[in-house]
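Letters A, B, C, D, E and F mark the chains in the order given here, with residues in each chain numbered from 1 onward.
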Amino acid sequence: MSGHRQPLPPAAIEALQQASTATITTQLLKRGFRNTFLAGLTATRPDMRMIGYAFTLRYVPMREDLDLVDIDNTTSAQRIAVESVGPDDVLVIDARGDVGAATLGNILAERMLRRGAAGIVTDGAMRDTSAFREIDLPTYVRATHQTQSTARHHPADLNVPIGCAGVLVMPGDVVVGDADGVVVIPRAVAEEVAFAARDQELKEQFVLEKIRAGSSIIGVYPPDAETLAEYEGRKGRD
Amino acid sequence: MSGHRQPLPPAAIEALQQASTATITTQLLKRGFRNTFLAGLTATRPDMRMIGYAFTLRYVPMREDLDLVDIDNTTSAQRIAVESVGPDDVLVIDARGDVGAATLGNILAERMLRRGAAGIVTDGAMRDTSAFREIDLPTYVRATHQTQSTARHHPADLNVPIGCAGVLVMPGDVVVGDADGVVVIPRAVAEEVAFAARDQELKEQFVLEKIRAGSSIIGVYPPDAETLAEYEGRKGRD
Amino acid sequence: MSGHRQPLPPAAIEALQQASTATITTQLLKRGFRNTFLAGLTATRPDMRMIGYAFTLRYVPMREDLDLVDIDNTTSAQRIAVESVGPDDVLVIDARGDVGAATLGNILAERMLRRGAAGIVTDGAMRDTSAFREIDLPTYVRATHQTQSTARHHPADLNVPIGCAGVLVMPGDVVVGDADGVVVIPRAVAEEVAFAARDQELKEQFVLEKIRAGSSIIGVYPPDAETLAEYEGRKGRD
Amino acid sequence: MSGHRQPLPPAAIEALQQASTATITTQLLKRGFRNTFLAGLTATRPDMRMIGYAFTLRYVPMREDLDLVDIDNTTSAQRIAVESVGPDDVLVIDARGDVGAATLGNILAERMLRRGAAGIVTDGAMRDTSAFREIDLPTYVRATHQTQSTARHHPADLNVPIGCAGVLVMPGDVVVGDADGVVVIPRAVAEEVAFAARDQELKEQFVLEKIRAGSSIIGVYPPDAETLAEYEGRKGRD
Amino acid sequence: MSGHRQPLPPAAIEALQQASTATITTQLLKRGFRNTFLAGLTATRPDMRMIGYAFTLRYVPMREDLDLVDIDNTTSAQRIAVESVGPDDVLVIDARGDVGAATLGNILAERMLRRGAAGIVTDGAMRDTSAFREIDLPTYVRATHQTQSTARHHPADLNVPIGCAGVLVMPGDVVVGDADGVVVIPRAVAEEVAFAARDQELKEQFVLEKIRAGSSIIGVYPPDAETLAEYEGRKGRD
Amino acid sequence: MSGHRQPLPPAAIEALQQASTATITTQLLKRGFRNTFLAGLTATRPDMRMIGYAFTLRYVPMREDLDLVDIDNTTSAQRIAVESVGPDDVLVIDARGDVGAATLGNILAERMLRRGAAGIVTDGAMRDTSAFREIDLPTYVRATHQTQSTARHHPADLNVPIGCAGVLVMPGDVVVGDADGVVVIPRAVAEEVAFAARDQELKEQFVLEKIRAGSSIIGVYPPDAETLAEYEGRKGRD
């Protein structure tokens, strides 16, 4: 587990479980954070939801004297990461968006699953992506490349601030994923964002029902005072 | 409904229902139109077929004083579009190919479905793409981005000529989509293209059967006089 | 069938059937070949495995006087290729990565299937990709484009060395595909790579079982002497 | 001249003449505008400074029936633009960043120069760029392409909001160019930005002199109270 | 010298010397050739004009067993090309647009200059581009990369049809370069294009003088009957 | 000065002053290092030569709560870098190749010049690039962007391994620049590479003279035993 982590209260986790990544980005945008969605990644397990804390791993370009050698589990930052992640950690890999080789394969993912990891996110490629579709560990990838990571990447360090898919990720940030992708919530605002997102989600569910019943968007989306009063009344009855 | 629209006769619509987007591009190419397929888009509903008339919506880059404000359904070109489309309209969005934020979300799509829209096409991203897979409105997107449109886009105007995925789209053009993508047919040639495409489709079905039965392509694809005669004879018997 | 081909012994083919494309790239990397995986391609038939010999087809940019004419099966290199491939040939197309038009369509693919071809690989687009999902011929494509190939491509020649998806492909090279993509094995090393890949695959299966049973990667992946001894012992018992 | 234009007072123009495009972007950033610099353009006349008002011209993709015809000066939006620009107008062309053909050539530029235009900006290509280096009309281009515009572009309309090089340009916006590029100032803030930028420029000139004389940046850049007092004192003496 | 070459009559060469590459593309466009300009290349010698016949050299991706070896002048297609080009040959290299290593360096260029070559064109990178600025051999490059060609490229063959910068180049095609870039003229139309381009050039020179003297473009560009008559009259007097 | 630095002996520095960046990449390639040239950068001072030791600065994507604030010289890694570089340091910035804002401006460059820095290298953009052309500090940039760095970048840390323009740069690596670009020499091989590159440079100068005098490349480039003997004899006489 990353020493950077400050766990969220269970109620906030529960709120995040009811909010889509879309809704979370809206709450972040309201608070001035415009760039929080990791664009261009695909979920290997769109049926699973991911919530955890960022454990970062940074790759730099490979160099032949460092990387065309046998992998040593005691010195490779990649391998140290795999044997360091703990429950609720999401391994987030900065691969510079380079998809010319893999960043990880399914064996290491299976190990992280057994260590309790909550997921994997990379802006590079994965190896054996088809195998990842069978592993109960939500993983988000930009591409598949079957060549092992050392052909392009040198693992440099752990738990430093990184960029992943164009977004700043700090160790300990809250990372949420669903079928549509991954959003990173700065830890300092994660709690308030969680509750606000859940509230918005419920409101939008109400709006959606009205639209499905034939309402125009006028006065409904965004909701005016009357619609909000109706929503509050309904909520009271539930 | 767009005032630009000149509806096709029902027989032409019926013909288009039997022609693949591939076949339609071939008939357009024969008439000198080389660039009619909207490349790089994915169908959210590959099981559905889309036929309609282009209702265009043009986005330009956002600017903070215009777009970091509450959305007003009476002034936003996006919202006016949603409440203007009518039966058989296909909303075609020029998002400059920018996938750094969404161009629309599922609530607005649900509203357009209820207004009778035939589909949505964007060369930008959609929000909640996984939700679109559950909506009976064929939608074609370049990517998924969960951040709302105002973070990147300002809706500028409606029903002007636009570029979408590199293709000119005029309001009222005939827009056809299938599992493989979207083709735009200039209105002036849409009727003749519809019938010619259906004819080609039937001929290619005949060719395909011969190939499956073991024929070489020589004399068959493209068909020579003998094959054509055989086809005509067969057609007579059907 | 390509005159370049030197068939592999059946035992090597059988070994390749048990090795993933990931494992094959690792064996090639061990022999100094860093760039053997064709990145960015999608399998139309992820449920099928492809093993064959490269039959290459090279496209150059179209020119109006050459390509806006009726296709002649006796002079078009594309059509000659289709009627030349034989059992176990994989047609590999160098389309310069240009996905602005198709490189082939489903009718030609059906013909190649009947001629015994083992698969198709292109770094360009395919037409009617959805139809390819129904054909029992593993096909790997970069994109879908419905416009016919002559709008962008002129087929230049057959069975010359080409680049495909950034990788050198020599006529007669061994081409292997699975759900995760395509690897090209230089013919001169194909036999030893086949056996070495199969051996590695079995060893990694053993490692994966240990990881799934709760082992750390330390001493196991990569395996140390003890783990290897355990593996050899197990193998003996099988 | 564009009817959209509200001229700046001469003092504001004079202030802009003393401010670099870098300084102007900083003043815009202070006011919340993050995206005002037109990235990726090259000045044909880095020795000239451009200040004027945006006169916008919007291109969409060409279509054969519209554009492979003789150019008509009375209907082509491009030609109407050329004969409409007046003193202090900067023609800003939205070419969708497509550099596959020119957007304008030197003959039209010579005509605009004689009509008093202040400059040309395009996010597409120019023809005869080497000739532009001899014309006293500051022009900013993304690339050179010698093929005439109609091979890729259809001129759609004039003086609508456009995107150019990723930035929103409204007709009448203030456009400033120097050797390093082009910045677009929303008209509503142009006057205050002009004066603030000139002030910042003078302050930075003072800072630069101190740095050149051996100062550390500490306390100097950004300037602390003491440095600011020194600057104010110096200014009093000038 | 390439066996493909059919020299142009001296009068056509002379005509080409008076036509810009822009004008030549226009004459090609009039004849239906839309794609003849090699986009994205930079002239190392913008002060020189290049006219010659295409001598093509095709590169494919490198492979370690072929290219990480000593270069052999008797087997390397690159070296054979250098010692084969003759007077008026333009070496045109298809480097797949890959600028990750050089395609040639200055020593080979000096040798080609002494053999009488008319120029070099590559859609890859050059090594020592600054040295090329001192060599009297017009060279057109996409980028500079100092690493030698064998790190990315394997020279495959000579005088086959190639794509270069997206344009089809046949051995023997007429290649013309000026400060703004390179145009390839299919040999079959080169003679008529040469004369037509020279004529257009003279006419546009006349138009430009009128524009510079204050004419509107109306009736002048494109010229109407009156302007053409004036031009013909003037020409008679020259 | 970086604590990582192990200075080269003066004779090695002198040798590097006589070797082009092209020649240095060749010596690195001979030692197995394929990826050492920083592609895509432009020299602001092509008339100057740069030799120094890498002092690395790493940027990650900006976040509003960290970067839309006043810059503090005591906490900003960028500013600490500027006031930390010493004689012979080359500031190498990892900007993730993002050119959407500047990475540094001319005032900070002037300060580094006065601290004795040997140069600046960035794979992002510079501000006021035209001003850099007047500063006696060799600077290598990918682009110009006038918007200040905080609009896109957050300076994260100093003197960690980074990727710059796709190449691994370790703090203390030897960085050499000339008019054609920048090469990074791993410190462990820098000394031997320096001498080997100088030797190769002299040999190639001799080869070039022979080529200019009319020699074929056969036996000369690469030189055979006879040519080498001639070179050795000549060297003895110098």
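Points worth noting:
Here is the rule we go by: contacts are C-beta pairs under 8 Å (C-beta built on N, C-alpha and C of every residue); 3 or more make two chains touch, one makes a residue touch a chain.
For clarity, every value in this text was computed on a predicted model and none was experimentally measured.
Minimum number of contact steps separating subunit B from subunit E: 2.
Among the remaining chains, those touching subunit B as well as subunit F are A, D. One copy, subunit B, sits rotated relative to the other, subunit C; on C-alpha atoms the angle is 120 degrees to the nearest 5.
Centre-to-centre, using mean CA coordinates, subunit C is 50 Å away from subunit D. In terms of their C-alpha centroids, the spacing between subunit A and subunit C amounts to 33 Å. Averaging C-alpha coordinates per chain places the centre of subunit A 37 Å away from that of subunit F. Counting partner chains per residue, subunit F shows two or more touched chains at residues 34. Across the assembly, chains come into contact as A-B, A-C, A-F, B-C, B-D, C-E, D-E, D-F, E-F. Against subunit C, the residues of subunit B that register as touching in their complex are 20-22, 24-26, 29, 34, 36-37, 39-40, 46, 178-181, 183, 204, 207-208, 211-212, 214, 216-218, 221-222. Every residue of subunit B that touches subunit D in the complex is listed here, in rising order: 32-35, 60-66, 68, 96, 154, 156-157, 160-163, 166-168, 186, 188. The touching residues of subunit E, when paired with subunit F in their complex, are 70-71, 73-74, 79, 82-83, 99-100, 102, 105-108, 110-111, 114, 125, 127-130, 143-148, 151.
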